[in-house]
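Dropping the structure in here first, questions after.
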Amino acid sequence: MVMVNLILILLLGGVLAMLSERLGVNVPRRVALAVVLVDLGYLLSELAGMPALTQLQAPMPDDPSTWLMHFQAQWIPAFGISIELALDGISLLMVLLTLVLGAIAVSASWTDVIVKRGFFEANLLWTLAGVLGVFMALDLFLFFLFWEVMLIPMYFMIAIWGHENRGYAAMKFFIFTQASGLLMLVATLVLVAVNHSATGQWSFSYFDLLNTPMAEQTAHWLMLGFFIAFVVKLPAFPFHTWLPDAHTQAPTAGSVILAGILLKTGAYGLIRFAVPLFPEAALNFSFTAMALGAAGVVYGAVLAFAQTDFKRLVAYSSVSHMGFVLLGVYAWNELALQGAVMQMVAHGFSTAALFMIAGSLQERLHTRDMREMGGLWQQMPRMGAVAMFFVVASLGLPGLGNFVAEFLVLLGLFQVNPWMTAVAALGLITGAIYSLILMQRSFQGEISATLSSKLEGHGLADFAGREMVTMMVMMVALIGLGLYPQPVLDMAKPVLQSLLELTSAEMTP
Amino acid sequence: MNSSQMMALMPILMLSLTAVVLMIQASIKRDQGVAWWITGAGFLLALWGAGYAREFAQPVTILLGVDDWGLFFTTLILAASLVTLILSKDTFSPEGERKEEYYLLLVLSVLGAVILIQSSHMASLLLGMELMGVALYGMIAFPEKGELPLEAAIKYLVLSACASAMLLFGFALIYAATGDLSYGGMGAKAAVAYSQEPLVLMAGSAMILAGLGFKLSVVPFHMWTPDVYQGAPTPVTGFLATVSKGAVFVALTRFFIEGQLYQYSSLIVALSAVAVASMLVGNWLALRQENIKRLLAYSSIAHFGYLLIVLIALSIIDNAGGGQLIGEAITFYLAAYILTTLAAFTVVANLAGEDDSKSMLGAFDGLFWRNPLQASALMVALLSFAGIPLTAGFIGKFYLITVSIQSQLWLLLVALVLGSAIAIYYYLRIIFAMSKTSGATIKTGSRAAIGAQDILAILLLLMVLALGSWPQPFIAFAGGL
Amino acid sequence: MEGLNIPLNHILLVSSLLFSIGMLGLMIRRNIIFILMSLEVMLNAAALAFVAAGAHWGQPDGQIIFMLILSIAAAEVAVGLGLVLQVQRRFKTLDMDSANRMRG
Amino acid sequence: MAEMVWLVPLIPLLSSVMLMLCSANLPRLLIGLLGVGSVGAAALLTLSIGMDFLADPEPFQLTLWTWMQVSNFSPGIAFYFDGLTLVMMSVITGVGFLIHLFSTEFMEEDASYARYFAYLNMFVAAMLILVMADNLLLLYLGWEGVGVCSYLLVGFWYQNSANGQAARKAFVVTRIGDTAMALGLLLLFTELGTLDIQSMMAVANQQWQVGDTVPLIACLLLLGGAVGKSAQLPLHTWLPDAMAGPTPVSALIHAATMVTAGVYLIARTHDLFLLAPISMMVVALVGLATSLMAAFTALMQSDIKRILAYSTISQIGYMFLALGVGAWAAGIFHLMTHAFFKALLFLGSGAIIHYLHHEHDIFKMGGLRTKMPVTFWSFMIGSAALAALPMTSGFFSKDQILLQAYMMPGAGPWLWLGGLLGALLTAIYSFRLVFVVFFGEAKTEPDGDTGWRMAVPLVMLCGLAMIGGYFIIPVADVFPAVSGEHPAHWVEYVSISVPLIGLLLAYLIFHSRQINMDTLVNSSVGQLLRRFWFGGWGIDWLYDRVFVRPYYLLSGLMKNEPIDAIYGLIVAVNQTFNHWLAEAQTGQMRWYILSMVFGLIVLLTLALQIPLEAL
């Protein structure tokens, strides 16, 4: 029941935030922050009762009792659909990341002037609730339901509080994910039908569907259906065009959540559903998937270099970083998978921070165009230093989280396909190029003419106490992940090992 | 016609009684309020009648076959007409015309629809269809002032008369081939007739499909829908979209099942072509449509394209024992579609009323901030049309996909996925327009008084959400039909 | 009634010809009155087919349906002409092409 | 004392963090104290640990914590201390301390004083981690950390975007090398199962025979990393541009420490290179080619710092040559002595620039002999050591390298000859610099000579440059002994006399102008050659055309998302369908009837299709 409460707190919190707008314009943001922190506290207190995380025994994917938490309630017995939520190493990691980044997102838009503040905070909380649902749902129907439902509040956040052409961006975001979601729905239903014909009973539960015997051809198509839905969300190379628009147009809090958490639902889906459900199909599809990942890494980096819009550059960097995750998942050995999970966590923090910096820049300069920035370090040394830290983190400086992730992915990938690793390693070089150009165009070099004319005299406010605290939290997190990632690795280890055993058992017929 | 058969016809009796009482009242003293109350009471009595007739479910003469399935749809139709009644209470009252005739036409049209649902013989089908149709012409053309309603009525009259002619000619051909006019009889003799003159039988069933296809506004016969939806007064459009189309679809299903038309693969090919065409064309037409009513017309074309999949799946699944799933799918999808359409038209009626310029997309800008209640009702309706989870439409789409997978109709499945992918765009366009914050004066906290329409909107919104998020009881009920 | 035993198909052929003539009239004619007339022609063609089928199978059903069709056609024409009056007053013309305000 | 070794990198790191956090409100003196003091403390600590180590030379390993543990990959944050580490640490902390002291005066008037020392301290800490790392991953951490610090320091005066450009160029070119090295790491782990250097080398010796292909590939990849970081061919183009940073930075990073990281890497993993003789030959050839190329280019430069930069590249070429021929100890020895005299030369040039109000062109300087005596004498001693005149430290280390190069069987003599040519050129350009800057008539007036904080480091370094040759670096047990018999004495005499000849030539050409080079220089061939050599053999120009411009073009081309065009196409298709169909809704009733009839005909044909076939 813990998990249902987690989601309910956020949903009701959203309603509360919306209503609290009547009390005062600043009340909703405090309510929202309080709700997220309460949720986090509630989860941590529940976890404290659990056995220490490190000796998590390997949760057998097809036996519910071994999971950290498991909850099942009948919903539509006619089709064997039940509200089934479960928590294991990876999903706990993702839930914690969601709640932490949620709190950060709320604090990120603390001082933004936002119309209809209550409704904004409500949407933010509902998106978080949807994402929590995605990470915890184990019933495919429920998973699909949360997958779609989390889009609606996110769509509103971009459509109502976005920047100049938010309509186009919000529409593109929604249609991309929704259309690919339809493919997943069809694939799920075919899978259930095949399972029905094999076992004679309707069931949407992850445990029953895990090892459904099916023809090799159908397995390929079903895997493709799931793959496309998750890869659009990831986003991987050919399906990523919605990301730059959505990120640039979304409000600060929106892009923090979008980059920090929503991209991870795609990756989580791949690890949880796309590969374990169809092991052989995933195996012989893995080369194409890795090729897409590698292409995404290089393509994202090259395009990031060309951008003049600050947020758009950071968005393309996410495409490049998520390419690593795809590589890690489809290399499918423990090293690469751990790397992928680490990348999901580390990328969450580094991109969220960069988007917050972009947001505060936009707030101060009323523009995201780097051609109008330049030499800001003089005006705002603290923001410059923080930006330098996160830019260096995003290019993968060892000692910070992103490096550990990327190195593990490359290490795992090398054992599978050395040439692919060489191509992916290009991402390190191009990654350095676009990260440094970001610093150069915005914080270094001469102050641009337009900016100096716009400022004429009164300086720019440097980072205030609140912003510094949020940034400090993320810097400490990244350094911690970089120097001592073991707790995160241990949390994901049992799950990954059990998934590997499961799929290896399948793959050797 | 023993007494139990009379009991079975209770809803029809009640409606006829209401019609008579209305006419008498009109002759005594023309008073709109009283007429409104009589019609309301009549519908409630009919609803009670439908419930009452459940124990006596049996074929009544060869013309009508009263069964649980039919009675369920009768209650659905009556509920829809109740909503139409509530909506039409104040739509064109300002013009102060004589409104009694309108209510009379409404009751007669509903009577036609009920007969149509329970028909099991060509004659009763014809009677029900024409009674409903002709009453509709009157309702569409009712507001004297407007030129649009008149144009819509004329178009609808001519086109549906032509469709009825096609239908009749089809039946004539089938009658010539099989020699029997009741569906059951036709079904039995169809195999024999097919061996002798297959041409006549096939031509006849094709023409019947054409005639019914017109009423369901599937693609080749869809051209009238946008003009009639836009021209007619909004409650009447709502009535047309839900009652008339719903009843005709039920009749088509009955005819299809009992007349065993699904065995002939050529018919199935024809039907699939029509289904695919209407799924795609309906959505494409709606892509850049500015007028809400026309947009809802096009979306109804697409939705009946989706519904045809279930009919086509019948032929493959029925002999494989999946008939029960088909029944459930049709019941659920139609219920969901009718509920969502009613919700949508309630909001359109409340906001746009009869002023055509008000039903343009521009009028809906920033509606969320001006009138959040109606806006959220419309939003939920649109999401249900688009098939987003937690709404009835999603469960409907879920059924459709399950049915088409069971019967391996991959082409139709692809068309369904493509259609709903395209559909998201124009449903979202309205939601986006409603959520615009620029320009519209946003005043928070000024709650307009909760009027009758708001209650109706909330009720429908809750039903759409309830059906979507907790469908289990309804599925169990539908399963039993 | 062995006297006039014309084979059913011939009559069906005649009625379908009649039906297509009616349809043709519907398509070509612009004046609303003639449109209603061609509608009548189509309905009667169907009625004829019914009567022929009834005769062929020796059942009275065909003629009963014929009676039904007559009444329905009458009802439609009645309402149709009522509307025609309105059209005449409102659009000042009987030419149906003028009634195309709603498009797109 | 050995367990205290992890304190050595920690102190500068802590001070750097301190300086970053509260840079705003610290008085300038305290910042200086903190910056210099931390490196000084590290130096003292190294000294004491060194003394203990020399007492009983027993290499020890210290693991702080396992960095990460995934299946069989478990690198630790672990330090390894042996003779080689001691040498490197003492060079880094010793020379580092002197350079920190020097920069307190050099950066006196600079606004962001604290930021400068924060970066410098972080650099020293990263370099220390690099040399003390027990496993290659921690070494890679130090490696990248050093790269980032060099980026920050070269681009220190960020107001001028040219410096930013130079800093980015430095980072990206070294990053290319780092990627190659990372791939090398991946290969080594996959093949040998561990990244701990000592155990890795042991496993490698068992698993591989000499001349296998896998060690060759691994060594070449590691060489790629070394070449990038030590600015050797082909990844050397970034070093001359990196002179954009403050001069003490160039002294510390681009002379003494960072550029030697590549040499240290190859020296540390020498067993692997021994397993792949071809890679040793490649190292030697790269070293030789780079030293000659750089020497010729240095001859033509006019900017004082670029001359020293190219001379650094050429001297590191020598070290690579030493490593290539297997003279590991000689290579490291030359590394140490080079750190002394090159730091001396850079600091000297820093002093000149500082007091000649930022004048870089040597032909605008002149006759500083009398006005800046301390700088003059430090330059004299530095250039003498650089040119390897007898009795200077440079002489001892360079001769060892040339001797052992000669002794190498096979191509030995040829390498020796190349080395000699390099030595000759080195002598010429180093003394060209001295004669042009310090002799001849004065062109610009320096405003004063170095203060004490500049003078002390210069004097200390002069001492080291002179007596450096007599140090014995305790690497006897780290590297295998050098075989081969001592060559004939004439080889030694030749290698002694060559620098003297170079000095004489430089004197004649640049000071007393006896030999007039003008006719040769102004001839068409001379001009072409001059421009060719001045531009660094056109390599930089080549890279710009082959890599940089196409990359800009490619990304510019793809700026607005070619993939989006596909989705745009899909949207367009739907729009056109919508357009056609909307046109079809003409509102004309007759048109509707037509469509109904058409629909009927279609249905009839479809329905009658099968019965017709059946007939």
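Each chain gets a letter, A, B, C and D, in the order it is written, and its residues are counted from 1.
Criterion: a contact is a pair of C-beta atoms (placed from the backbone, for glycine too) under 8 Å apart; a residue touches a chain by one contact, two chains touch by 3 or more.
Here the structure is a predicted model, which means the values were calculated and not measured.
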item	value
Which of A-D and C-D has more C-beta pairs touching across its chains	A-D
Centre-most chain [mean C-alpha coordinates]	A
Most distant chain from subunit B by Cα centroid	D
Inter-chain centre distance, subunit A versus subunit D - centres from mean C-alpha coordinates, in Å	37
Rounded Å distance between subunit C and subunit D, as computed from the means of their C-alpha atoms	96
Rounded Å distance between subunit B and subunit D, as computed from the means of their C-alpha atoms	78
Length of the line joining the C-alpha centres of subunit A and subunit C, rounded to whole Å	66
Junction residues of subunit D - those touching two or more other chains	582, 585, 587, 589, 593
Of all residues in subunit C, the ones touching two or more other chains	23, 26, 96, 99-104
Shared-contact residues (touching 2 or more other chains) in subunit A	none
Pairs of chains in contact (touch as defined earlier), listed by label	A-B, A-D, B-C, B-D, C-D
Residue ranges of subunit B touching subunit A (in the complex, touch as defined)	369, 383, 386, 388-390, 394, 398, 401-402, 405-406, 413, 417, 420-421, 424-425, 428-429, 431-432, 435, 437, 442, 444-445, 471-472, 475-476, 479
Residues on subunit A engaged by subunit B in the complex (per definition of touch)	21-22, 74-79, 115-116, 141, 144-145, 148-149, 152, 155-156, 159-160, 167, 170-171, 174-175, 178-179, 182-183, 185-186, 189-190, 193
Of all residues in subunit B, those that touch subunit D in their complex	154-155, 158-159, 162-163, 166, 198-199, 202-203, 205-207, 209-210, 213-214, 219-221, 223-224, 226-227, 264-267, 269-270, 273-274, 280-281, 284-285, 287-289, 422
Residues of subunit C defined as touching subunit D within the complex	23, 26-27, 30, 96-97, 99-104
Touching residues (chain side subunit D, partner subunit A) in the complex	20, 65-71, 73, 77, 112, 137, 140-141, 144-145, 148, 151-152, 155, 158-161, 164-165, 167-168, 171-172, 175-176, 178-179, 182-183, 186-187, 189-190, 551, 554-556, 558-559, 561, 563-564, 567
